[in-house]
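Look at the two complexes coming up: subunit A is in both, with subunit B in one and subunit C in the other.
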Partner chain A sequence: MITPVYIRSTASIHSDGQAQGNAKRAVEPDYKEVITDAGLRRRMSRAVKMGVYSALTCLADTSSDSVGGIITATGLGCLADTEKFMKSIVDNNEQLLTPTPFIQSTFNTIGGQVALLRKIHAYNVTYVHRALSVESALIDAVMHIAEGADNILLGAVDEITESSVDIQQRMGMLRNNAAGEGSQFFLLSRNSNGCVAQITDISTRRGAITQTDFATWVDSFLSNNNVDKTDLVVLNGSKQVLTNAIDFKNQCGEYFTAVAFALWQAVEQIKSGARNVLIANSFQNTNHSLILIKAL
Partner chain B sequence: MDVFVSGVGVVSAIGFNVAENMQSLASGKAGLRKPQNFATTLNVPVGEICSTNQQLKQLLGLPQQQTISRTALLALPAVVEAVADAQLTNLSNVAFISATSVGGMDLTETFYNDFKDNHNQGRLRMVAQHDCGASTEFVANKLGFGGMVTTISTACSSGGNSIATGARLIKHGLADTVVVGGVDPLCRFTMNGFNSLKILDSEHCRPFDATRAGLNLGEGAGFIILQNEKALRRAPYCKVSGYANANDAFHQTGSSADGTGSFLSMSGAMQMAGVEASQISYINTHGTGTGGNDLSEGTAIRRIFGDNVPAFSSVKPFIGHTLGASEGIEAVYSVLSIAKGAVYPNLNFTTPMPETNLVPQTKYVSGQTIKHVLSNAFGFGGNDSSVLFSAVE
Partner chain C sequence: MEELIEKLKGQLIEELNLEEVTPADIDAEAPLFGDGGLGLDSIDALEIILILERNYGIKIENPAQGKEIFYSVKTLAEYITKNQK
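Moving on, here comes the complex of A and B:
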């Protein structure tokens, strides 16, 4: 059980579910409406643009002084810039390299850019632990709010590149689903006034898990939180069979921080009248999580 | 609730364990040399660990044919040493928060040489450990850590944030014992990154010196064991009494001249602990040797301590800037500063920066009364973290 936190606003850039080849690419917005500096836009990779756009959109009605922290999550970070810099090292034999892709390749680039653009000096951290990155960020946010902080900006970003799709394809990771990407940000609050949903509980597991154990885990998680299964929407990102579940990865594709898309979708479900939403996620049967969202 | 430090483990250019590191610090023996374990045309000193990957595998009893990133090979011995030092026996509820800035980049670089021009080439096992979580999972699975396992990456401040997050897990009752720290290997990617920013010194770095000309990169791993009182199995070294994370929000890579972020992180850590500036015994600075960092950090130190600056130094001239590992390794040194009453020398210092006129500690001393040690780690993205270690009363 956790201290409940409330979702004040959300922003998302995600796929419409249509795969092109083996990739479900996000439908990108017109960035210039939010990232107004043309030079900055030009220097930013897609991951940075998606992240900064959705973060700034989520924070649009919030003053910088009132932001209590920026917590980001990413599985693979800014892949395009990483590859661009790596290629330049080889192509130019380590001589006279342009630093921009290196600077933007660090995993905390997006959190840092948001702090810089909005002049937010508050707590700022990035979690990078495979398919538990978002969950780690959420646990940190919950701790911060329990410690008295308010208005925690929490977000996740991962991007598709041609290389990442080719590698995942060769690894056999795309047999059941296309590669995915996206960026979601959430403004989390300590009080419910003006909020749209509550994050009620979160549970994580590592290592292979059987269908039976997964089902038992789901049942005890729901009963611990007094949730009636007949009054529940299930967003399933695992290969486990769950009754009446929506396969959220069918839309967003498979990637390390896909659960952030499910969290955004859960809020949309609540806005449409759902009372309880369970997100059940697994990645390659190694990282697993359950997140419960409730209507207010 | 008190958070105690009960174990330390470190691997760096000046030693493969805690005892070797302390001996080198005491004798003023720097670990910088020209890179030998990986191919680079950059002719600059680095804090390289002598052992090759093959030697590390042999030392750790790991099969030679297994593909393991240098990141994981450096993290494992430091974690094993810290766990043994804290006399931990049952690891099934132990949490593990690691930190790294490059993950398994050393393997990815090799993969990429083959993959670049033909996406059907390159051995997949060389890229499977690219992500930052891979080395954490490797170590967690080797030791059987059954508590929360995660990884933080905030560039050069990563290790500091790992310590703070671990302390918070304990305070929130989410763990009794947490292994925290960081690891980073040297690799062509970061070497060339810092070189492209023109902040690598071709000589040994000179933190806080007027003639400083940049940093030397290093590699290694440092981990400490945090525990609540009931989990302790030995007398602790000290407590983690405060920590703070702030963002400079000035520039993606540069530091503000007035030290906004570092002022906030240092003063925040002291405020949490209820410790006054006059009570700080020693500051283990970030002190990279770049023009920007040392000016920014020095200015923040002057803003907080005025004319009564405590003993301070940068250990970067010993081990190089170990990026995500820096606050892991330097946390070990800070903890032992309290335990041994030691203050480490800032090598290669001759002339104070005119802007701050700060003079660091230049001689090793031990047997002092060291009650509160402030340790800094600052990084790209404006990420600034400070941790305050305090003696157990």
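Moving on, here comes the complex of A and C:
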């Protein structure tokens, strides 16, 4: 059990579920509406634009002073700029490298840009923990709120590039899913007033797991939180069989931070009347997590 | 000179990701930096130095000359014409 944290607002950029080849690309908004500075926008890659747009949208009605931290999660970071920088190293024989792709390729680019734009001089960290990046970021956010922060901005971003889809496919990482991408941000709060849902518990595991062990883990997690299976919506991103579950990766595709899309979808389910939502996620039967969200 | 100016405009648009700008929008005599022109900044100046080195083999030896050379697309083109080997 964790200290409950409340979800005040959310923002998401995600796929509509339509695959182009073996990739489910996010449906991108008109960034100009939120990232108004053209000079800043032109240097941003898709990942940075998606992240900054969703973070600023999530923070729209929040004063910067009340945000106690920005915690971002990513599996591969700003991949397009990283590829551009690496290619430039090879093409130019390690000489005459342009600065912009390097500056923008660091993992904390998105969290840093949001802090600069909203003048949030608070804790700012990016978790790059493969398929448990979102869960690690969430646990950190919960601990900050337990220690007294009023609000924490939690977000996740990953982007598709042509070569990343190709490499993931060749390495067998996609496991019959299309490659996915997206950006979700959540404003988490200590106080429930005006919030839409509550994150009640989170549990993570590493290593291969059998169907029976997974089912036992889910049962024990629900039982610890006094949740009746008959009053539960299950968002499943694992290859384990779970009764009456919605396969959320069918819409967003497979990527390291796909669970953030499920968290956004869970809040939408709560808004539509669900009382309890369980997110069950696995990546390559190596990283597993369970997250429980309840209505207020 | 006109041909070089048009080529430079295209290179600036591509290398500096000036997505909403076309070559026709760039006044060759308008300032590249600050108000009243393209509004470029110090990171763009680094990118322009690399455009000169990579594409024209020109190294700016005296940084004090930078302000004058980088004033506009036209001053850049004039410097390239004078110094290209």
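The criterion applied here is as follows: the second predicted complex is superposed on the first by the 295 of 296 C-alpha atoms of A that agree within 3 Å, B and C clash if a C-alpha of one lies under 4 Å from a C-alpha of the other, contacts with A are read in each partner's own complex, and residues count from 1 in each chain.
Everything below uses one rule, namely that contacts are C-beta pairs under 8 Å (C-beta built on N, C-alpha and C of every residue); 3 or more make two chains touch, one makes a residue touch a chain.
Values in this document were obtained by computation on a predicted structure and should not be read as measured data.
J.: Touching A:A38, do we find subunit B (first), subunit C (second), both, or neither?
T.: second
J.: For the three-chain arrangement built by superposition, which of subunit B and subunit C touches the greater number of subunit A residues?
T.: B
J.: Contacts for A:A149 in the overlay, against subunit B (first) and subunit C (second): which applies, first, second, both or neither?
T.: A:A149 contacts neither subunit B nor subunit C.
J.: Quick one: is A:C195 in contact with subunit B, with subunit C, with both, or with neither? Answer first, second, both or neither.
T.: neither
J.: So, does A:A122 touch the first partner subunit B, the second partner subunit C, both, or neither?
T.: It touches subunit B, and subunit C stays clear.
J.: If we overlay the two complexes on their shared chain A, which of subunit B and subunit C does A:T98 touch? Say first, second, both or neither.
T.: both
J.: Identify the residues of subunit A that lie in both the subunit B contact region and the subunit C contact region.
T.: 97-99, 103
J.: Under the stated contact criterion, what part of subunit A meets subunit B in this complex?
T.: 70, 75-77, 82-83, 85-87, 89-90, 93-95, 97-99, 102-109, 111-113, 115-116, 118-130, 132-133, 136, 139-140, 143, 146-147, 162-163, 166-167, 170-171, 204, 206, 256
J.: Residue numbers of subunit A touching subunit C in their complex, please.
T.: 38-39, 41-43, 92, 96-100, 103
J.: What residues of subunit C sit close enough to touch subunit A in their complex?
T.: Spelled out, the residues of subunit C in touch with subunit A are 15-20, 39, 41, 43, 46-47, 50, 53-54.
J.: Residues of subunit B touching subunit A in their complex?
T.: My answer: residues 40-42, 100-101, 103, 108-109, 112-113, 115-116, 119-120, 124, 127-128, 130-134, 136-137, 140, 148-155, 161, 165, 168-169, 172, 174, 188-189, 192-193, 195-197, 245-253, 260-261, 264, 379-383.
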